[in-house]
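The structures come next, written out as structure tokens.
Next, two complexes with chain A in common: one pairs it with chain B, the other with chain C.
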Partner chain A sequence: MDAEKLISQLHGLKTVFDDKERELTALDREIGDGDHGVNMKRGFSAVAEKVTDGSTQEILKQTGMTLMSSIGGASGPLYGFSFVKMSEVAEDTIDSNNLAEMLDVFAKTVGEKGKVSGGEKTMYDVISKTADLLREGGSLDLESLQALADDTEDMIATKGRAAYFKENSKGTIDPGAQSAVYVIQALGEGVKNG
Partner chain B sequence: MKKLINDKSHFLADMMDGLKYRDKKIEVVEETVVVRRNRKTSGVALISGGGSGHEPAHAGYVAEGMLDAAVCGEVFTSPTPDKVLAAIEAVDNGDGVLLIIKNYAGDVMNFEMAQEMAEANGHKVKAVVVRDDIAIENEEQRRGVAGTVLVHKYAGFLASSGHSLNAIKKKVEEMMTSLHSIGMAIHPCMVPTTGEYGFDLQDDEMEIGIGIHGEKGIYREKAEPVDKIIDRLLDELSKYNEHDELVVMVNGMGGTPQSELSIVAKYTVESFKRRNMKMAKLLVGDYMTSLDMQGFSLTIVDASDELLKALDAETDSDYFN
Partner chain C sequence: MAEILIISHSAEIAEGTKALISQMAGDTVIHASGGVDGGIGTNIDQITEMLDKVNDDTLCFYDIGSSRMNLEMAVEMYTGPHSVYLTEAPIVEGSFLAAVESSIGSDVDQIREKLQAMKK
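Moving on to the complex of A and B:
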């Protein structure tokens, strides 16, 4: 995935979050405060508007800064800071190995900033498994990623607003895990299709 | 959805413009940062903020004797680090800045990130995190709700009295050890940016332990007469305070008529009497709301002489009295 492809994948997320706004909002309404869809849509609309050229590293960094200053909430710093950190390991052309490296950084950043580890029903549960999935020859397609998000359905939240509901947070997919599916799908698709 | 708005994506921008027309004592910098027109030239600056939808919090408390700046996020969404940083840069006069943060993952992350950036630019910044909502058992996870407004007033008094940044942080943290709140709703709020109610509640039900973001409460019961509801909330609250004199705040959630808030006040006073608990001061009003939610919260805090003096001290906020 070269810079041009990376930009088109990131811009494509604007349309994805336009389509998925209601789905994410519905999940967030169950175990959060019902605005995750709106926030992700605002974030990637800003990316489509503001991030227009540069090297892969510059694009990822600018995307991170834009997300950080437009999403808000907890997702803003988590997605924003992660893209900034991923820019530090990205190569000029991102191949499958390099993407795995980026996804390791993505997981590490979310883990540290969000003070979260696996099994706590958060976006980390999707992100942290994708690097290995890729290294083991798996594909970052919607189906495999969705399976990771689906695993959060039966988890009990201990972090984020969903944690207030304790056992009652069971039965709903974590909205952050769901939005991570789309973000990583876009990156994976970019690498797969060159 | 019926709401008095033009375009849901302009909700925050339109509200900020309106605030400027309503309150001549404030100005807005960097689109969403409310500061005093007459900025302090000395003394610790106090900054709070968070998602919008809690009006008059926090912009209404940007006034002499209370806050120096309020950073307004989108509805129920923490503001971003760049805006918090802009607030710090706008109001720091060299005596340092105290950030008053409500305990939500997003607020804490965004404010702390701004704190790091400001410190790197040479500002002296400390933060206190308000966690007064006892509906959440785990103390570390407790949300910051209506009690935050009492923190604004107390810290504002301390800053006006010339205390240092470290002293204010220490005193506020001590005050917060006895600051406890719990809320309830009989009708959820309609979130204008999504067009949905925060949760669904049947006509004959009430939700206990609600937060201020339209999130569901901790449990749900058949609605009861208000004295029973107050007893239910005070049973919980009184587990946490042993001091014999308390400050009490009856806070409306935004859609509660003033008449009903007065009725809540009456039965709260009566319940105090029955329990032989002393009320050193009673505050009643819409201090920290959740859009148009119908319901109320009760906040209690141990009444120290200094706190009472702080609460009675003058402020030119239109919303604290």
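Moving on to the complex of A and C:
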């Protein structure tokens, strides 16, 4: 995935989150404050508008800065800062190995800044498993990514807003885990299709 | 002289805390910001903007939830010449103590030691 392909994948996420806004909002209404759909849509609309050229490193960094300032709550800073950190390890052309490295950084950043280690029903439960998924399976298809998000359905939230719902957070997929599926799918697809 | 940075989810908390501590420590430079777009929240940009204006080593105070995370990220991205520290002390009492200590000549390390005693 070269810079041009990376831009097209990131811009494509605007359309993805336009389509998925209602789905994410519905999940977040169950166990959060109901703004995750509109937040992700706003974030990637801003990316489509503001991030238009540069090297892969510059694109990832600008994407991160844009997400940090345009998405509220915890998900904006977490996604945003992760893109900034991923820019530090990205190569000029991102291949499967390099993407796996980037996903390691993604997981490390969310783990450290979000103070999570797994099983807390958060985006980390998806992100932290994707590098291995890519290394072992060779690609990141939607079905395998979705299975990771589906695993959060039965978890009881102990971090973030959903933690206030305790036992009642069971039965709903974590909205952040669901949005992570789409973000990582876009990166995986970019590498797979050159 | 050590400077103070305050980030809150609420503009009123940020401004009120600044007013309170300015009364006792008039000479200490205090950067305070709170709220996003007229509502409740914090944003990394408002912290970065404050950090761009610091002129000496700075102690940072935050309130709840994502304010800490935003602060941590902004501090990690700060490339200026001064040392910037997060503190674990409560936003009102901590910044008050730090500002008064700074005004009577304590340096950042001495103030940080004093703040340890009032950890959240």
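Please note the rule applied: the second predicted complex is superposed on the first by the 193 of 194 C-alpha atoms of A that agree within 3 Å, B and C clash if a C-alpha of one lies under 4 Å from a C-alpha of the other, contacts with A are read in each partner's own complex, and residues count from 1 in each chain.
Keep in mind that, in the parts below, contacts are C-beta pairs under 8 Å (C-beta built on N, C-alpha and C of every residue); 3 or more make two chains touch, one makes a residue touch a chain.
Fair warning: this is a prediction, and the values are worked out from it, not measured in the lab.
After superposition onto chain A, the partners chain B and chain C occupy overlapping space and clash.
By the touch criterion defined above, A:Ile173 reaches neither chain B nor chain C.
By the document's definition of touching, neither partner reaches A:Leu24: not chain B, not chain C.
When the shared chain is aligned, chain B and chain C each come close enough to touch A:Gly73. In the superposed model, A:Ala163 makes contact with chain B only, not with chain C. Using the contact criterion defined above for the overlaid structures, shared-chain residue A:Val38 touches chain B, although it does not reach chain C. Within the superposed three-chain model, A:Val84 lies in touch with chain C and out of touch with chain B [touch as defined at top].
With both structures placed on the common chain, the touch criterion links A:Val47 to neither chain B nor chain C.
Using the contact criterion defined above for the overlaid structures, shared-chain residue A:Val191 touches neither chain B nor chain C, since it reaches no partner. More residues of chain A are in touch with B than with the other of chain B and chain C. The superposed model places chain C right into chain B at 116-124; the other stretches listed in 116-124, 242-250 or 296-304 stay free of clashes. Touching of chain A by both chain B and chain C, each in its own complex, is seen for residues 68-69, 72-74, 77-78, 81, 113-114.
Listed in rising order, the residues of chain C touching chain A in the complex are 36, 41, 43-45, 65-66, 69-70, 72-73, 77. Chain A contributes residues 68-69, 72-74, 77-78, 80-81, 84, 113-114 to its touches with chain C in the complex. Residues of chain A touching chain B in their complex: 25, 29, 32-35, 37-39, 42, 68-78, 81, 113-114, 159-161, 163-165. The residues of chain B lying in touch with chain A in their complex are 9, 51, 73-83, 104-106, 109-110, 113, 135-136, 138, 141, 143, 191, 193-194, 196, 198-199, 211, 213-216, 218.
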